[in-house]
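Can you keep this structure in mind? I'll have questions shortly.
By letter and in written order, the chains are A, B, C and D; residue numbering begins at 1 in each of them.
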């Protein structure tokens, strides 16, 4: 037993070193990725990483950038802070990557940011909520391509509700019991007050919940006629379904996570709205087609419409590396990122532009979708509306 | 309902209050019953295994989840025969239980209890990995795959319950009824109890312990899987199922780990306290409440409502 | 200590020998070599390997304290992660609110740990085994709940950042520095445990673990010693948590999930109950193994191509390894070691006579 | 032919401690054989080895053989041996504490046995132990020592044994009860033609009922012979029956006995 184990361990250690040696040997853009590929949040954080990989593979197949290939070193952090920290250290100090990409739960941010500061390597959040450090005035090393954005989302949503609502709005709010979601919903509550909406009930729901009905019951008894939820999709949709089971007939709006398009089609509920910054695949833009057949070719295990976030990450990466040129280092990549301006080809409402003090984007575009019974299809409840970021 | 109440309110506050109160409280009772049923159905799995082998099966959550995923798999394969899919899934889940015992836990019989528990934890980790591997981590919807719908049924007093939730309640009643009968009158049931009380003597009296343990594991996995399937049918299927299974272990302990009746009452207590906490105190508490109840019970009556006191010294 | 007298006989000539930690010359030499190796490691190791080594030391401190509690005093606790969290949060909160230096925060963490130890220990006066484990588990959730509330209320939605500790003017950020700090921490914990176990309370704990009632009839104050065990173990654990907070530079509830507790229990069992050596071996095993598996998988040709699948495999593989280990060697690494020792000690005979069995 | 034969049996606990070192027994059908010896002599271990160990005993037969009707059964699981007809009445924990008396009797009945056969055995048992019929619905844990012993024997008989292994029948029971039980045992043996191997500390009890007896010390057999022969054996007289045989023995003789004991082993 023990010998066998020792032998195995030894072999594996050799393997690691070999692997790392390889990483050093080849001359390529070495990019590090740590994401929650397994564990609780992998449903949300897995697809972006998958999509990024897909995009980079296609770039490499097409000859790479500035004649150099891109080497993605992907590591799994299972959404565990300590694991993420170790991954970051490994990628930064051993594979010495010139850019670190993070797609995981917010709990992993602190350690990874600390590591990236220590190594002075830029860090790009992708498909993971944007920390406040990327908004102007942005911190030097942190960038974010993710669609959703604390604060702006609530603002846009409440404006939409105000516009769509006939009579007085009795607002119900739903958050998941994680600091991030709670913070945003609290902000929404504040803002609703200033906009003259009455918040009749606010539910903070713990992630593992056997039955959402008790929470829904409260919302219903509070007599809310609009419910806004800014939380992971599971919480949003399960609360909604529970409400409907209680024969609650009013309007529900949630953030359009990567699952949204498929879910709207599943639920077919005309009064369920989603607010998002990514266009749905039903628009059938060329870029959508491109993604779709890339997914088909590579036989990825996630549906194409979940690939948008990662694809945008890919676009940004490509643009940044083009600018950075060759030979490359972390500093060059950082300066490149600060000047990046990417045409999102309709995946977003407009281009994604970064400047020295704004690492989020100059303008945040929102679009609202819902299910239309007459057309038996998803329709736009409201087309792109831009919000200046400052 | 609520709009109706609202209109009444303008007319005569008194009646509307009464009306509201009643519908609200009825809904509350319904919610309690449903949650309690879920917990009870999951909790009996812990009890079944514990009372024969003194092992706390920490993989119960994962096993329940696996059952649900098996249903999803059969549902997608046998798209047009939902009933067949259900039956196959149930049979497979039983097989899984037996397999887990025969292949793994069998070797742990007689080892340090803590080691056995850790083994179940390891099994849980393995299962989680395998499930992500096979079905990916994104949420699945067995209900659609089976082609069923889950309409909500009106209960008296304006309260409502979804079909699957109602099914859970019925199933729980069925499972517990048959388990009680089996353990009381069935010959294998008596053997099971005997093996639980004194495995050595049981073996010397010609009872095949491995058969008994395998039986316990299969029953436990079966009940757990049924719970998992019904929850998945009611509200979708993803990794969070694990934690629900783990939470159900509080009721089992509150009721007394070696008593089915206890598990039932424990589920009622925990379920109601959780729902009431959500409704009257603070929704945030809902995942702490079970453990608060647990601590309270452990300080007042450590061996649980219906548990046997000796258990304290046993483990 | 737990090691039985040497096979060739019992040569101790005065009581001092009985108390000597390193009984024989051989032992001294081995330890000296080990120390040298540990001191030399940073010179050859890459930062990543250093990081893993640091994790091993941190885990070592934690697992030693848990071994003290579970392996010697026989009190099963599933509140370990909660205690680590308590230590870490003490640092985090003190740093955030009062900007205290670690000269203050570390002792405070130990103090908080000790206090929590009393609370965690109270159930043990009535409960045993599984029931005790569960009550401590419940307390774990309470601690996490409180920590989470603090984070949200103060708006640290992505965890509490902590500056690296500074001695005089220089900040401790360098991996090597941390390596030595944590090495010292682990080593001193080991010494503390060794000495504790040779004191009256150490003997009392073993008596309690062996048989509570008998211990009581021997006039050992069960309650006091149980609480003492909890207090000491908890304060060490809390310090481990504090060190974690400083080393990682952050605190957040997600870092102290139930899985962490499981890992520590795994360390104790995989290492082998009732052996400090086991605790350390277990810590190393449980910490390093996931990386070994991961490395092996990543080294597969074109591994990055199917990363998402790969990591699912990696996740499952850890479970498989644990299972096999527990099935093949429930007594843990140390059990394995003792079996081998036994074999050579009794050679050419197979078995010890029953008369000599009870040593 | 001999019903049970034990050859040079060695049993090892925890993979390292040997409790029984090369003992040999032979038991003829319908015989009552007694195993005598002081505490820790390895009597119970021998009995357990014959009936079979469980994983949780962490014990195994490392050397030698156990033959039942010429069939090797060393390291066989207990329930298999019970099916063969080897049934043990253990020394402690001999009833299921939370089962009623009747459940205690039903539990052992093997799967194959039909309801009719089961009822037949029950009536048989109740004939041997009429007291149990009245206690039918009492919880096993609430029985007195004597009643427990009866229930234990009854439970064993429900398994339709050929070879009954009885561990410390007399332990902690009043002499009256013991003699009653012995009487019952004789009847049972006569009616069912059982073979009985009993372990006893009290030699008088054992030698009263047994046809043949073995004496064990430190995991070895040091003496054996028919009950009469042993009853008259001086060492047995002095060390087990505690009778003064004429003049006090000198220390030398005692040492001689000890040496002799070693040679026997």
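The working rule: contacts are C-beta pairs under 8 Å (C-beta built on N, C-alpha and C of every residue); 3 or more make two chains touch, one makes a residue touch a chain.
Values in this document were obtained by computation on a predicted structure and should not be read as measured data.
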{"item": "More contacts between chains, B-C or B-D", "value": "B-C"}
{"item": "Gap in Å, rounded to a whole number, between the CA centres of chain D and chain B", "value": "46"}
{"item": "Intercentroid distance (Cα basis), chain C paired with chain B, Å", "value": "34"}
{"item": "Mean-CA-position distance for chain D and chain A (Å)", "value": "73"}
{"item": "Between chain D and chain C, distance of the C-alpha-averaged centres to the nearest whole Å", "value": "48"}
{"item": "Residues within chain C bordering two or more other chains", "value": "308-309, 312, 314-315"}
{"item": "Multi-chain contact sites of chain A, meaning residues that touch two or more partners", "value": "38-39, 46, 177, 301"}
{"item": "For chain B, residues that touch 2 or more chains besides their own", "value": "111, 129, 132, 136, 287"}
{"item": "Full enumeration of touching chain pairs", "value": "A-B, A-C, B-C, B-D, C-D"}
{"item": "For the chain C and chain A complex, residues of the former touching the latter", "value": "46-48, 51-52, 55, 148, 151-152, 155-161, 173, 248-250, 252-255, 257, 259, 288, 291-296, 298-299, 304-305, 307-309, 311-312, 314-315, 328-329, 333, 336"}
{"item": "For the chain B and chain A complex, residues of the former touching the latter", "value": "1-3, 5-6, 20, 24, 27-28, 31, 34-35, 38-39, 129, 132, 136-139, 141, 144, 150, 152, 154, 160-162, 165, 231, 235-236, 238-240, 242-244, 247, 274-275, 278-279, 283-284, 286-287"}
{"item": "Complex contact set, residues of chain B against chain C", "value": "56, 104, 107-108, 111-115, 117-119, 121-130, 132-133, 136, 246, 253, 257, 287-288, 291-292, 294-295, 298-299, 302-303, 311-315"}
{"item": "In the complex, chain D residues that touch chain B", "value": "51-52, 54-58, 77-79, 82-83, 87-88, 90, 93-99, 103-104, 106-111, 155-156, 158-159"}
{"item": "Touching residues (chain side chain A, partner chain C) in the complex", "value": "1-2, 8-9, 11-13, 15-16, 18-20, 37-39, 46, 49-50, 53, 57, 72-76, 78-82, 85-86, 89-90, 93-94, 105-111, 113-114, 118, 131, 177, 179-180, 182-183, 301"}
